[in-house]
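Pasting a structure here, questions to come.
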Amino acid sequence: MKLGFIGLGIMGSAVANNLLKSGFRLNIYNRSRKKVKDLTSDDYEFLDNPKLVAQNSDIIFMMLSNDEACENVVSSNNGLLEGLSSNKIVVNFSTVSSYYSQKLCNEVNKKNALFLEAPVVGSKIPAQNAALIILCAGDKKAYEAANPYFEKLSKRVFYLDAVPNASYLKIVNNQVMGITMQALAEGLHLAKKLNLDLNVVLDLLNSGAFANSMFDLKGKNILNNDYNVHFPYEHMQKDLGFAVKLAEDKKAFCPALSIVNEIYKKGLSSYSKEDMCAIFEALNS
Amino acid sequence: MKLGFIGLGIMGSAVANNLLKSGFRLNIYNRSRKKVKDLTSDDYEFLDNPKLVAQNSDIIFMMLSNDEACENVVSSNNGLLEGLSSNKIVVNFSTVSSYYSQKLCNEVNKKNALFLEAPVVGSKIPAQNAALIILCAGDKKAYEAANPYFEKLSKRVFYLDAVPNASYLKIVNNQVMGITMQALAEGLHLAKKLNLDLNVVLDLLNSGAFANSMFDLKGKNILNNDYNVHFPYEHMQKDLGFAVKLAEDKKAFCPALSIVNEIYKKGLSSYSKEDMCAIFEALNS
Amino acid sequence: MKLGFIGLGIMGSAVANNLLKSGFRLNIYNRSRKKVKDLTSDDYEFLDNPKLVAQNSDIIFMMLSNDEACENVVSSNNGLLEGLSSNKIVVNFSTVSSYYSQKLCNEVNKKNALFLEAPVVGSKIPAQNAALIILCAGDKKAYEAANPYFEKLSKRVFYLDAVPNASYLKIVNNQVMGITMQALAEGLHLAKKLNLDLNVVLDLLNSGAFANSMFDLKGKNILNNDYNVHFPYEHMQKDLGFAVKLAEDKKAFCPALSIVNEIYKKGLSSYSKEDMCAIFEALNS
Amino acid sequence: MKLGFIGLGIMGSAVANNLLKSGFRLNIYNRSRKKVKDLTSDDYEFLDNPKLVAQNSDIIFMMLSNDEACENVVSSNNGLLEGLSSNKIVVNFSTVSSYYSQKLCNEVNKKNALFLEAPVVGSKIPAQNAALIILCAGDKKAYEAANPYFEKLSKRVFYLDAVPNASYLKIVNNQVMGITMQALAEGLHLAKKLNLDLNVVLDLLNSGAFANSMFDLKGKNILNNDYNVHFPYEHMQKDLGFAVKLAEDKKAFCPALSIVNEIYKKGLSSYSKEDMCAIFEALNS
């Protein structure tokens, strides 16, 4: 199996490195060539466009930041679709809207190629440590072919049948994450207004039934005014927005989601490039 | 030190039993005498009213369900206040509003007695297992006197200086718990509307950075339609309501809290006596 | 100018009758032929499909209930698009999403035909009384050609340049209407819980600076438990949902809109076919 | 009947002037004596403290900004309560919390004096034009005695039986006003993000079923960035906060109220002294 890899951002280069480390050779494309500096092995070929990657690979992995970035790679001149043919497999690790993922699946299938959506749970450090959780949906045979590679990247893989079930599950996961993050932020905000010692508050929250490693990590960062990005604020908002639209289409009743999304939107102009936990600052300002 | 204990509800009897088990004799009062059947030792005397408990004890512990229940015990004819005198210590384990706790503190102090508010984190099982977390505020000497007894009941004690800091911290803790619970409930609600397998969703939520034992326990209960009460829905709402009023008085910005409280209020007529996780049902109905 | 008219629902038949009353002959299509019974003149020809209407008319008016109904009429076999040709004008009175309106505009233009979106403000009675407000956007020449007909239907016409500005304005209008309606419903709900006389409350609300005819009408209906439909609850929710999606795409901060939409969604299973003011019942139940 | 008047703020001096204009002599107290410059007649006596006003008057009117200001006037040394005696009537025009109004009523009654709560609807201009709406509750005979004076100040008086019904009604009125104001602000905010012409939007909103004079006035002010105070932003928030607490105590379901109150709270640090319609700015910033 010849492997292609498109997208060398923070997440993409970490994943690509794990494939290289496992001994697989990669056909690589990235909008900016200089990102190959982040690769830890020379066992790759950089190609000039996504079409060439598709033509020269059996499985093409993509890891990009959003719908628009994927659409550029897929549908431009010399884009991915132009290079696809029968039985090639496209695996999209990017978190995109479920609507776009379905559309992308349809377009890939029209070329008689196979499609897997495979959004991941976990950010930079788990990506580097091959400790991601992969949520995969799409053609079962494609999944079986891709799974050996998934195992080099992840601690766990969920297979969820048809597209866009994996997108759905990723969105639900991040919906829960966003509201849980808000719970911490609002608790610390009220505690501050009450003149409580925030270290004590955090200590207590880390001792009870709902203690979790995100509260521990993000709580400490908030107390240190450390908003260095692990999971970007703007991505959190993007995913909450996906959930809001799904809830609208399915007539699901999600009031906390809706309001948390509004608060994240409110802070976009100030905090989009910081970590998601900057929502604490958005409450104060 | 002679000990008094008032309130033999689910929590109160569990705590009283741990004191009895540790070899302390108790002067006991409860509105209904028959609740003494839940006590696991005979080393107590049941007295006819709170005044007698106060007169015959050095430290009086109270564990009641809300402000009104406390006020009845404290201020009625033959109530606690009538029996207080210099240097007696009143310890209130009940979760009450911070306003009421301050008022109670003032009234006890007027009798030259000492007051500790000591709301606990943890429900029935931790109470039985002497694994509560006690949040204590009030007179430092009273705290030092009460602490040896606290250690028989809890895995951890936080001392927070002046009243009502412990009430504040308890309210913040339950604010975060309520919103976090809502995060789970809304995630499962949307997932259901998306026709995802809820067992898989819960499996994923239990695998990531914000996995926590409350999600595990309450999630399973929700999937089994098991709303047997650990922490009553109406108490969750009561505590969220306390937080809303504090946020109003301190002009804290807590939109998720506000909306989660509204949703809990909406379900009161149907779910008040069930477990707090019945909020999942409140989203559907 | 030969006129076509598609859609004989409550709104459509009222509008068609005003055109007939003004002496214009209509080529008519409706999914169910029997709705012609609501027409008050015989000066029309009922055609078998939208394609025939398009082929035999210079201006084709459509008034349908939502995106899906429009898409069926436009893109099915023997649909409107198949009958369009150069310089024919399509006028869509239906309130649809701005996304769909733009798409429809593009498809009509591909046939070298002209497109106007023209959602109306006002429900059944204003439609019958030729007292609608028409919000129109699209080709200026098409607007000039259609305007003489608009004048027979409306008390006022706004022209807003390019598509989808009229859709946008309609959505903003109904966003404000929905939240204002919620203001009344929540006020009456709290007043009821306070045991105030709701007639007095309504009397006061109708006396102050924000008194308006909707409060007067809907208030009385609520007090009489009269939820006969003027503007359907489900359409109010649909339009709030459009606004929520626009606010998401434009990153507008609309917390009241978001929460009001959630509450409308919550009541859909019980009140969708009743009047929008049934939101009062949704608060109680 | 000898009349006392306490409080010469914007509202108080307007009301006092209407009493003077009607030929009534007033015993006046205000924290700062120099405010008498706003009085348009000399037919008054300025007294040194509220006790003297109470001693020398049969009916004492108060118009102050909030609970704290009333409490200062009523309960300080040389406060109102010290001067009360049998059959004197206290009329409180101030908008205070229903809890405080009930407490004040009880304290006045303990002196065998009579109490009326009489919050007004209408701001500066209606106060000057004797066009207020007075909401009155309390002793019926006191009401009959005070009513001739009310008629010199107002266009309409509602009598609502027992305290705190008038406070309740005032709070409900302002709850509806606050949410309706938010409807306008969010509509204009979304419209701006959609690049619509806000003058056109306002024109449309002023043409439909929910057109009202507040939308007209506040809408124009918003478009002109004119936030000169008619009704202070901080008073709007205060009243929304009263409504939130009442909704909590009565377990009323008021999600839009809750969230609008949060947004008003968020803007307090920037807009408290501007007009309530500065909520539009709070959405943007």
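As written, the chains take the letters A, B, C and D, and residue 1 is the first residue of each chain.
What we mean here is this: a residue touches a chain if its C-beta (ideal position, glycine included) is under 8 Å from a C-beta of that chain, and two chains touch if they have at least 3 such contacts.
A quick map from chain label to UniProt name: A, B, C, D = 2-hydroxy-3-oxopropionate reductase.
No experiment lies behind these values; they were computed from the predicted model shown.
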In steps of 5 degrees, what rotation angle do you get fitting subunit A onto subunit C on the CA atoms?
-> 180
Counting only C-alpha atoms to place each centre, which chain is farthest from subunit D?
-> A
Count the residue numbers both subunit C and subunit D use at their shared interface, divide by all numbers used there, and answer same if that is over half, different if under half.
-> same
Averaged-CA centre spacing for the pair subunit D and subunit B, given as whole angstrom = 39
Residues of subunit B that touch two or more other chains: which are they?
-> 247, 251-255, 259, 262-263
Which bits of subunit C are touching subunit D when the two form their complex?
-> 121-122, 133, 135, 156, 158, 160, 165, 168-169, 172-173, 175-184, 186-187, 189-191, 193-194, 196-197, 200-201, 203-205, 207-215, 217, 243, 246-247, 250-257, 259-260, 262-263, 283-284
Using the touch definition up top, name the residues of subunit C that touch subunit A in the complex.
-> 241, 244-245, 247-248, 251-255, 258-259, 261-263, 265-266, 268
